[in-house]
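Consider the two complexes below, in which subunit A is the common component and subunit B and subunit C are the respective partners.
For the complex of A and B:
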């Protein structure tokens, strides 16, 4: 079992629906987010192109946040989902500093560090993460990469793709179709 | 000064059936939450969904209804974030009555509904006895419109107009009607999911989040569609396109004519379809002979090769080609004719009534709740449109003009009710006519959720509750299949706010129009209508949406079938005798529009996916996603002008109007050097809108020159030019 997210940048319109769906699903306080949209512009007018990406925690196999956490609050569960145990987290922020994706924030009310969980509470019930289930362009896919029949495995087999900050050596599990 | 928000519990005038649902019927994905059906009111797409509420009655989230054709279970950014409209503490809280004199700084006091409604009704009586009910105009947008139209019809006024016509869709709808005998409706009857070639002309799908259209473009991308986008800006959809035509602004008509030239003279058109269903082809052929791609090159900056290649691509995929007619089409004053040109191109490729082009839409037949006949007004809003032969409804700017004493109009307007539209931001006027009209009015009542700018000029302000707190008319829109949807409250109205239907009814009762209001609660009407249609309010509370079978025939023109178009000739009118008969161009012609003078840039504006007009900019959830607009500037221009991204600048337009607030520069290669771009809806002027006050520039403020469409009165807004001021002009003056 290896959960991954595959995001088709050729369909994403950068609408941020994934951001607000995550916020309402996970009670993320206004002003903070667990996922966000970036736009990269290349070239000069009129030979110009953009890439829109919905970004979040990459649930890395080799997760610096887990290695740097002094209390073992940051941990990896079955399927490779990286979580923060709120009871163990002391809010020191070492993980925030170590994350090459800047995917974590300090929760203003709870004093702990928070981030994307791949909506594990939904995944356990067989549902997609909130961001995936709301996306109006259907550009996001979630599933088990170890299952060769899964949509995510098929897409990664067929389509050109990339990961972010490959050079950081984190073995991320969020893939972008390009 | 605005009344302090004395939060009081909603009175006994209205009670909400918050927990009316039948729990076991609900398929919760969180068992701790109850859900209530709604259809979204954040924009006009009206996607159906479910509002989820926890055991304390707090709204937690809104999710699309899986069986809804508009949302297919997926709401857009604004729909998902729609709960911000419920939670926003900056909303209007109680009725307000002006205590300051006209022209002085606005001071209001809080009032009871009884007092405010009595005042509105007495003014309506007063206007009616002095000038006739027709002199009281209704300017409206959105769901509250139908409730107030009923009130106005019963009262005796048909002086009704909405910015959705002359500031938005009007030219498109009238242009398509002149060509095909009907428009494409809303949601547009565009069959994009099966299109093999999609053409967008200044229409930036994906930045406008017209939900099912965005979904269908994405579906078409999965199936390998070819997209062609014409836009001086690399819009989001332009970046998904095989052909992006970075056109010189204001020259679209030249491209459309050149495309016709290529399609006709390279024999790329659907000859059988054209012969069978159109009239005027020979005249069109002669007309466009001169409009070669070489001719268009010098006008549009698009190479002949690019024009030819894209035309051939469209023809290759036809009839599964859609040249999208857009929606907001009030650009340069020749907009009805530009839509005719788009229609003619579609006709040449045989796409109307064909899979992948335009389908034939259908809506449900909803019975009208019985009431006495409306009185016949002595004159109607349309009668103000003396010179606008193809304006088939009220034109906002004509109503505004008729409100100014001394203007040459057929009738006088003396009072307004403005509902659901921040008029100063939704309707641009020349020479400050808006303010002149407002100053001349004997009475202005504004109904809104928010203390938007127009409320500051009102004599009475009435707070409507958010859509998550009210019943409304059932949804009945054109689509591939008819469907109806229910909006019911998921929470009680906050503070003293009330639903639109309730406000209309209370005013009606005070006017002695009780015969038109023979219902207690709006649920009486809904249940009666639902039962006529084979369902009930109870059932609709559990399903939210009911899809109905088509009864009007097939979606497309079937092979070998005859099809009569709803035009005078029964055919698609490539050449319009109707226009010729009244002295207008029977076929579209290119008119050179003014280009910006030195040191000025064309002001282009558009949409952001997380906002609807100015309606959402203060919503906590959506403001969090984008709290201000930015001024897109080409980096070459930035270098010459020594501008940096993030730098606040002020704008001054060709009429020396200076923006009220600064806007931050965004240097980007996505825009041409001769224009600047901003998202519409920002730059709120009322400090009570705390999150959005003074954030960014209101584009409408900079639009003081209108290019009026002679056919239907659309106010072309893209002929305004701005220059950039790096110092605060208010400090240097």
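For the complex of A and C:
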């Protein structure tokens, strides 16, 4: 079992519905977010290319946050989801410093480090993460890459794709169709 | 041209536009950790070389500040945590992959050891001290005197690890290109030893001791300058992200602080002053010593801040 998220940058319109859905579903503190939308513009007018990406924790196979955590609070569960154990986290910030995606923050009220969980509480019930389920353009997909019949496996087999900061050596599990 | 913006309005405190999770307390902790490690290392060496009486500043007086420095450093570290009351959880596991974890363990050993280390000589330094109301302290003192050599032997590797750790804590993060430089560990160690030698100069009880530690400090500053050249060359020989990262120190916002305050005022000027003093010119030794100590702190503040501004580009 290997959970991955596949995001079609050609279908994303940057509406930020995924961000709001996540904030509501996960009781994210006001002003904070576990996912966000990046607009990446390359080239100069008139040769301009725009890419819209919904970004979040990449649930890396080789997660630097898990490696640098001194208390084993950051850990990887079955399926490859990276989680923070709130009872073990002391809020030292080592994982925040180690994340190439700046996907973690210190919870302003709890002091612990918080981030995207791939909505593990929904996934366990067989549902999609909140961001995926609300996307109005259906540009986000979630599933098991080890299952060759899954939509994510088929998309990655058929379409050209990339991951972010590949050179960081983190083996991320959020893929972008380009 | 490439430009990336968050269109979902992301502006998380201490994360955007760049990280500022680790602030002054962490820099202070790294500084005091390096300083304490250096003083204890010199003190342990003077004891093993039987120079306790000849070099009283290094062997007995300077170590007196170490438990206080480590306590302030640990306090700074703990208040910087998001969950300070749960800091004991650092000691529920040992994770060798996490510098923060083994650094915390080394500190847990070195801090009490530093108290025992000064305890053996405490009554000699302060003859009015009397333990008659707490007689068990006599036994502790006997223990410290009896095992002082073993403590010195243990302190040498432990303090070197502590000194290097202050640099490795930063260099282990490959997400921050300015930190991700293997020379940072040795550089922080040498810088810590240099600030320790400068502190010992302030505590020196004889001209002989002052001159000896001035010579040691001159050597350490020269090594430190060499390592800094190495550090900068390392960035330029690195990938695009490192070349981009070093701009902050060379030509960027922190250039004055790095080259002006740290390299020029904190290393070159005291180096020249110490050499002059060794040549026989009259130089108040306090001046180069204070410059070195202050610049040691500036260097750590600078590296902690600058590293968090740099990031992996994608």
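As a working rule, the second predicted complex is superposed on the first by the 178 of 178 C-alpha atoms of A that agree within 3 Å, B and C clash if a C-alpha of one lies under 4 Å from a C-alpha of the other, contacts with A are read in each partner's own complex, and residues count from 1 in each chain.
As a working rule, a residue touches a chain if its C-beta (ideal position, glycine included) is under 8 Å from a C-beta of that chain, and two chains touch if they have at least 3 such contacts.
Being a predicted model, the structure only gives us computed values, none of them experimental.
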Which of subunit B and subunit C A:134 touches, first, second, both or neither: first
Which of subunit B and subunit C A:126 touches, first, second, both or neither: neither
Touched partner set for A:113, first subunit B, second subunit C, both or neither: second
Comparing the two partners subunit B and subunit C, which touches a greater set of residues in subunit A: C
Touched partner set for A:25, first subunit B, second subunit C, both or neither: first
Partner chain in contact with A:46 - subunit B first, subunit C second, else both or neither: first
Partner chain in contact with A:14 - subunit B first, subunit C second, else both or neither: both
Residues of subunit A at both interfaces, subunit B in one complex, subunit C in the other: 14, 16, 19, 31, 41, 43-44, 52
Residues on subunit A engaged by subunit C in the complex (per definition of touch): 14, 16, 19, 31-33, 36-44, 52, 64, 67-73, 88-94, 96-100, 102, 105-108, 110-113, 164-165, 167-169
Parts of subunit B lying in touch with subunit A, wherever the complex brings them together: 29, 60-64, 73-77, 80-81, 83, 205-207, 209, 211, 214-215, 217-219, 221-222, 234, 236-237, 239-240, 244, 246, 609-610, 620-622, 624-626, 634-635, 668-673
Subunit B partner contacts - residues on subunit A that touch it in the complex: 10-11, 13-17, 19-21, 23-25, 30-31, 41, 43-46, 48-50, 52, 122, 125, 127, 133-139
Subunit C - residues contacting subunit A, complex: 1-16, 19, 21-22, 80-84, 86-87, 89-90, 92-93, 95, 97-101, 104, 172-176, 239, 308, 311-312, 314
